[in-house]
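The letters A, B and C name the chains in turn, as written, and every chain counts its residues from 1.
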């Protein structure tokens, strides 16, 4: 077995030092009835590197790879080009095979990176502070709802109809157990967000309003009036960003006075990976920092007066506060945070703004081109790199048909909101720097054909 | 002859010279590195991007005009920045990392290579199911291994890490109790040696936590636990093997008693590495257990994640497992989500994450499992337990092993700081080990032992590596027993000396602020 | 004015019907460097034994229980900026909060200085 260095001679010598005759003597505490005498039957035995590679490669070939086809899927996960150096650097063993930095003197690499990540995220989101990552956007979102409950000591959260339905589903699941009351609804297939309705619904029982920006249909709207309405009722505004590249083009939620801004960081550095691992972004106003979930890295000095970094404010966390912790999170998404941070460093502000501009211009051009197809109507007026089309036929079967032809056409609202008839003809299309004009033409032609 | 005109006249090297401090603060291969905010600027980029095509903005009046403050670096500067940072880290690739309860084993690079196959790395979570059959098959194959290795009924694959898995298990317990009309059961019993995530999880799920004490031999006090069972108890959360590195001999007895009293049994599977292929949790009466793929099944810990925490369930809890999950029928693999759950999985307690869990970790874990096979996984546990007992018996005369007399340990050896000189504690031993070139053990956990030192060698270490560690720890421990003050200021040879955590917590600096701007603001 | 101690290492000085509460020298020595203190707000009603304040070191968070019942008059504002006062002057400037006692008879269940010293000696 190539991963096991002990030889049989070593094992025998070690058993001698321990003072037992056989390895079984070390498992005597397992009740006799539960002991397994040999390898579990029905499972294969060990295999060579080559054999395993062959098996896994065969499985991977059964998938239609995004990079091989015209690709327009978004809705919480976006295809962006990740520079080669990102993946090289995160595979350095000192990053890849380190643990959570509990011994700061020999973990300054991870800690300094996290401090840089926190600063990058805070600046991107427009918040005072940010933590060292959460699992993903959806879990960051419900952690934020819980944090708003602790701060406001109120239990009613208003979720915008533009919030990703899977994020809503996660929040609803958690609310069943925490007792939070959530108000939600499905979106309407139109250009306007539900901000006015949310403002009208806020009252003095409201802990927070959760709004996605850009929202599930790709729409963007000014959050400042909503923030003001929240604050007038001593409620918090939580903004959710599933496409961080957008914040290279549009105002950050923090700039519009959101109290907590969470996000999915997958777009930068991480890749699609069929949904995970991803990296949750979590920023907020400084006054709420002690109610934050997750790890925080802070600057300090060592015994010789040199700058260094440590995990800090740990008394919020489970390993100290146990049942009174702000969250049960322990392992988070460190290596994905590193990938995000490296990609962001490569881009810099100039690169991020240009990348965002490329995305937006490409999306505008694609929206205009696709809306010329007979039977296609552009629903979204203001958007970043993702927009919604209303087709003259149900979108979901069309997406399946086009997938069979090697076109991944977008996310149908029928997939996200099964049973919502008013949304069945909606198709959400994402366009990034990886989308070519030719891809758009192929999609336009295919839509024209299937809608005819 | 001709004279050597270069001026370079080789001489034997001189030993014992004293170094002057360097002007850069660098020490040869150990290079100091400033923050990106100090070395980069917002106009630099390390990525070549094309000009955007001409198009009319559809951003409305939301264009971001104010500076964001994100510095950029060119590609070579970026590579150097992160390479230099990486060298200030200790990792398994560098040496022995015996962090108890964390199972820091070798991370095979084949796993990395397989996870990066485009067919796995470059597929979208919402792609039409017909286009991702291979991904669903990976999930299903891994699920089959996990269910078989644990002897359980089903598995929820979506939890993102161990603590998330715990939450999944406890929420399933609550859903099951509520379905039985027993939502009034509001107490979860947790041994005092438990990981902090256990009580935090139970509290989040709406339960009150009651501690169960340990016995003098480091195990759950079975009598006290059974005595506490009753109509108000929802269940227990027990780590097995436990955090003292011991197998809970009475696990079956406890499970039976909990079931008889109407409760359910959660097992924290963080230490599954000790028993894979030797005993199945399903044979011990467990109802739910999370498996840390980033511990037992070698997916890299990455400096704090990502992890992955699938949860295996007994027959009693399977109907309540969360969405989504993968199902196989004659025409291929399907995703069961909210849409179809009503038909045959109406009890699902809900959804824990946006998508399907940590696919990138599934491919790595499956690669690892297939490499070992059923025989190799059993050998892994045996070697892990053998290594831990070798450490226990090689050091129990140097350090107090509070439960060493009670028999063998499982995958980790536990020592206390009793016997160290006055004013010396576990942290001094740990920092001394850093100077010796090792990552320290887990310190001050579990809480049931004073100054706990929890050492988990895993199967990754050779006998030679263990012997070297044993010699080093003996030497450091003897210094701590003798009151060697130089240990109090250790580490002396790490990139940093001891860091002031009090200062960090009293005046938290969590983001970088331009010192010029910060001064101007005052 | 007289000073009383609890077995949980809080002290209370009583002057008329006003009590001043803090933690003992022994307690601060067990906590290590204190980095954060959360004191109760004015007007908060406390019953004897209630969790009234939180004191944190880098590695531990401890609840401070109210030694007597009463209504909080003020929390010590100095602790917000200078939590280290609890380390330096635990039994004077590092006080946590003042309250008006609602049941002075509760004091009879507490220890005096000599009894507390003996109590700590045995720990």
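Heads up, the rule we're going with is that a residue touches a chain if its C-beta (ideal position, glycine included) is under 8 Å from a C-beta of that chain, and two chains touch if they have at least 3 such contacts.
Nothing here was measured: the structure is a model prediction, and the numbers come from that model.
Taken together, the touching pairs cover every possible pairing of the chains.
Centrality annotation: B (chain centre taken as mean Cα position, compared with the mean over all protein Cα atoms).
Chain centres here are Cα means. That of chain A falls 20 Å from that of chain B. Rounded to whole angstrom units, the spacing between the C-alpha centres of chain A and chain C is 44. Centre-to-centre spacing of chain B and chain C amounts to 38 Å, using the average Cα coordinate of each chain.
Counting only residues that touch two or more partner chains, chain C has 36, 56-59.
Counting partners per residue, chain B has 501, 504-505 as the residues that reach two or more other chains.
Shared interface positions of chain A, i.e. residues touching 2 or more other chains, are given as 312, 314, 320-321, 324. Of all the residues in chain B, the ones that touch chain C in their complex are 444, 501-502, 504-506.
Those residues of chain A whose C-beta lies close enough to touch chain C in the complex are 290, 312, 314-315, 320-321, 324. Taken together, the chain C residues at the contact with chain B in this complex read 33, 35-36, 56-59, 83-84.
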